[in-house]
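The structure under discussion appears below in the form of structure tokens.
For reference, chains read A, B and C in written order, and residue numbers begin at 1 within each chain.
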Amino acid sequence: MEILGLFNYWVFVLLLMTGLFAIIHKSNLIKKLIGLSIFQSAVFLFYVTLDKIDEGTAPIIRDTDLVDQIYANPLPQVLILTAIVVGIATTALALAVIVRIKEEYGTIEESEMRELDRYLS
Amino acid sequence: MTLDEAIYNQLPALQVIVPLIAVPLVAMMRARHLAWLACTLTSLLSFGIAVVITTELLAGATWQYAMGAWPAPMGIELRIDSFSALLLLIVTGASTLMLLAARVPIAAQIQSIRQPLFYAVWLLTLGGLIGILVSGDAFNIFVFMEISSLATYVLVAAGRDRRALAAVFTYIVMGTIGATFYLVGVGLIYMMTGTLNLADMGVRLEQVADSRPVMAAAAFITVGLALKAALFPLHIWLPNAYTRAPHIVTAFLAACSTKVAIYVLLRFDFLIFQESIPNHALHFAGLLLPLALAAMIVGSWVAMFEDNLKRLLAYSSIAQVGYILLGAGLISTTGLSAAVLHMFNHALIKGVLFLAVACLGVRLVQLRLSELGGVARHMPWTMSAFAAAGLSLIGVPGTAGFVSKWQLIVAALEVGPWGLVPIIAIVTSSLMAVVYIWRIVETTWFAHASTAVASVREAPSWMLVLVWLGVAANVYFGLQPQLPLTLATGAAELLLESCCD
Amino acid sequence: MTDAIQIGLALGLPLLGAVGIGLARRNPNLRETVTLATAFALALAVWSLVPAVQAGLRPELVIAELLPGVQLAFRVEPLGMLFAGLASLLWIFNSIYSIGYMRGNHEAHQTRFYACFAIALSATMGIAFAGNLLTLFLCYEALTLSTYLLVAHKGDPNAVKAARVYLGILLCTSIGFFLPALIWTWQLTGTLDFVPGGLYGEDIPSLTLGLLFVLFVFGTGKAALMPVHRWLPAAMVAPTPVSALLHAVAVVKSGVFVIIKLVVYVFGADNLPAIGTELVIYVAAFTTIAASIVALQQTNLKRLLAYSTVGQLAFIVLAVCALAPLAAPGAALHLVSHAFGKITLFFAAGAIYTASKKTELSQLAGIGYRMPLTMAAFSIGALSMIGMPPTAGFISKWYVLSGALQADNLVVPVTIMASGLLNAAYFLPILYSAWIRRPDEQDQHGEAPWPILIAITATALMTLAFFVYNRPAHGLEVQLFGS
């Protein structure tokens, strides 16, 4: 079952597209940001899928005798930990910006902000 | 081993670590003048290191440095060659110049209590950009890219203009999409090769050449980085971000941020995908050339009718990105060296132009052309510097801009009859530059002065000294282009080494 | 070695002068003294190079390496010597004239005026002595930019608009046509040095050469071939000294000079591409006739002179491209004789304006009674334009015509005849109305201030003298063309 075997990848693509759709389509900045988070999470899933090796266990050496034990690849997990941190930082920053926007404009709807700016200038 | 040698051997690591270490120190300072001083000195030190590294690499060597003495590909490698050396010069040089000029314009645009944090974030941006340039590891590049991007968002939003916030939100979204695309691409490559070291990647990808994941990786990485580089039509974040950011931040970003993205783009497309995807050169050129040509025409076209001075220059930057990628799209030593050279020259030109704008910004609030009539009669030194840098942008001989246009046209001529298309585009875009630069010059010198302008004084003399230093550099590198030309040619040869066809 | 210093002086003195003028801005008398001293020193430096060039030497000065194999280099050869000698000599008289004109008309921004003038002269010297195409191009653009402020001198919307046309056409043609042709040449040959006999090899197709020639000729907007001539009438808003020295001598002549240089040193007089040359000949012939016809319809004296210049420039280009043995040296001579004549005419126009504020042809009735000296000089200039003896114009037209008659091409002699007749048709009515018609009793003005009269007399006398004594100029031409 080729298609089912790539299940994780299908989910990855689906999430990626969902996130992108929300970013493009939504006018509310918070919803846009949620879209961005979904978009980033898709990549986390993708990386975690990479490290899976058939029959592999968690990459922790407990019993030194088991020399032919197969482990999952730990590197992508480490990488994605970093990427998650980056993602959190991005989200935090974006939220901070949204808070400031709310203070300055009194709205977080992109269309209304545009109206207000036109009024300003 | 003496102490000198010991330090000397650690230079690549110091290049990236110095600004990063300084970040928390500057952030903890309370006095804004002290923060400025510390920040500027750090930047100056980075520039010094970059100069030392560059002189070492002029002969065309590559400086490899294993972090923690763990050899690549297991350990993390720093790798500096003539391409990265040139970009290091641009980034650290631009940062230093702008910081030296920064005190007055920053005082005008940022609350004094926030200034130490502002300078800390500036150093974070600098450290991130340097990190991208020195690292030889695909994932480290991602991390540094995000460090610099996040810090840049903060810099752009630091001013008092509320429209900066809206601009920065778009910038965050677009920037994150770009970075995430890049991350997906790197993941796909890792899946196929099991390595993140750039040099190793190139070798191992040959074994899995012509496979679909690699093609997908190339697509993700190219598009993601094109977004960061503001290649037309992925440029929509740039004009607003440049327009609304504090003036001195705009000057810094315009000089170097898109260029670093282009640097990574060229690295991947020439060193890594060239051998692993058949006809990659053709695909690359087929994608980039039309977009680059469109960028040159559209960017200059919009600039001709734009009223806001900073937005006008931002659109001009979009056109200039077109020039750079046009050179790269020609896939020849001359073309690539023209592209790399234009990165350097454009940084010089736009840096000076935006610095002159910052000088204007010290004295004026509105930077709309329609309200700047006659301002040059009150600020003759500022506006003459602007005009001089504008001439360099147009490509008048004797300036830096001329040399890169010369190289570009030579590269286009080498292509044969088809080269005529880029030449016509280059010439047309340059003539449009004549129009938009001259519109500014004419308005500021000859138009009837408005009331807002009537009482302005000349900008602070220290800023003028720096602006004119930049103008002098433009003329110097227009008459003596050997240094950037040597580095650019070295970079081009390096990039084309693996490109056999 | 001393020659190199002389070249350096010729280029640097005007720049130093510009700095001096800027420093002396508070004291007009000192400022004008600096200008005059610079002009004399420049002429001395330039003319002291003549013996060496006459002896067949080619003094050189290399400043920097711009691109691999292309230097910022200056090299004096006969044609450049002639041009530089002419421009530096006339600058002396023009400076004297400027003092009278600028003070007489109470012009503003005089310091800027004199400083830009000096910079423009430095650029002109650079064009004259340029050792390769890139250096030439660099100085050519420097001249365009430094004269921009002179054209926009008045600063009113009219002047700014005219200056925009001026800069727009000159920059667009040079960047749009000249620069690509220049780079193409470099790519084809790997060199940009001036080589007697041309630098293109045998293997370059004649179509390419023809295209290059056309690009170069139209890229040289300063030669004002139609349809890129519009900047010259536009530039007439500038103060008259600017029109006189720059837009009758230095700027326009540098355009023609570039074309002669291209013909002799880049393409080679013997292997001009047939197709491109034909085209240029026809365009030049058309421009000569058309500009004269337009001049006939002008009512403003300076605009008439501008169109007359357009016609005369095309005439020189025509003569150069006619490929006849005597025509080319004749063209170079015409470069000199037209300079003497036209600067006199402009001086006269400026003198009339200073003394009486008259600018239109209809106002000139009987002006010969009020300003006899000025109008005598004007008459000499006009006769020289028509080509009548005993003036300089006769000599050069003689050479060009006798050369053209040797060639098979009928276009050239016919054009020369026709343009001579047309010149007569628009200059003689002016002379008639100035000398024969009675003046209006209302205006009681006399001659212009004395510095203007000195300058105008000197150039008029030179126009006459060149008829009798043109040996040095001709000697240089013979060296150049070897005939």
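Criterion: a residue touches a chain if its C-beta (ideal position, glycine included) is under 8 Å from a C-beta of that chain, and two chains touch if they have at least 3 such contacts.
In this text the structure is predicted, and so the values were computed from the model without any measurement.
Participant: Given which chains touch which, is the overall layout a line, a ring, a star, complete, or other?
Facilitator: Graph shape, chains as nodes and touching pairs as edges: a line.
Participant: Average the C-alpha coordinates of each chain, average all protein C-alpha coordinates together, and give the chain whose average is closest to the overall one.
Facilitator: Taking the mean of C-alpha atoms per chain, the most central one is B.
Participant: Round to the nearest whole Å and give the separation of the Cα centres of chain A and chain B.
Facilitator: 28
Participant: Determine the centre-to-centre distance between chain B and chain C, using the mean Cα coordinates as centres, and give it in whole Å.
Facilitator: 44
Participant: If you average the Cα atoms of chain A and of chain C to get two centres, how far apart are those centres in Å?
Facilitator: 70
Participant: Residue numbers of chain C touching chain B in their complex, please.
Facilitator: Touch list, chain C to chain B: 64-68, 72, 134, 137-138, 141-142, 145, 152, 155, 157, 160, 164, 167-168, 171-172, 175-176, 179-180, 183-184, 186-187.
Participant: Taking the complex as given, what residues does chain B use to touch chain C?
Facilitator: 391, 394-398, 403, 405-406, 409-410, 413-414, 423, 427, 430-431, 434-435, 438, 442, 446, 479-482, 485
Participant: For a test of understanding, state which residues of chain B touch chain A in their complex under the given definition.
Facilitator: By the definition above, chain B touches chain A via 139, 142-143, 146, 150, 153-154, 157, 162-163, 165-166, 168-169, 172-173, 176-177, 179-180, 183-184, 187, 190-191, 194, 196.
Participant: Which stretch or stretches of chain A touch chain B in the complex?
Facilitator: Going through chain A, the ones touching chain B are 16, 20, 23, 29, 32, 36, 39-40, 43, 46-47, 50, 73, 75-76, 79, 82-83, 86, 89-90, 93-94, 97-98, 100-101, 104-105, 110, 113, 117, 120.
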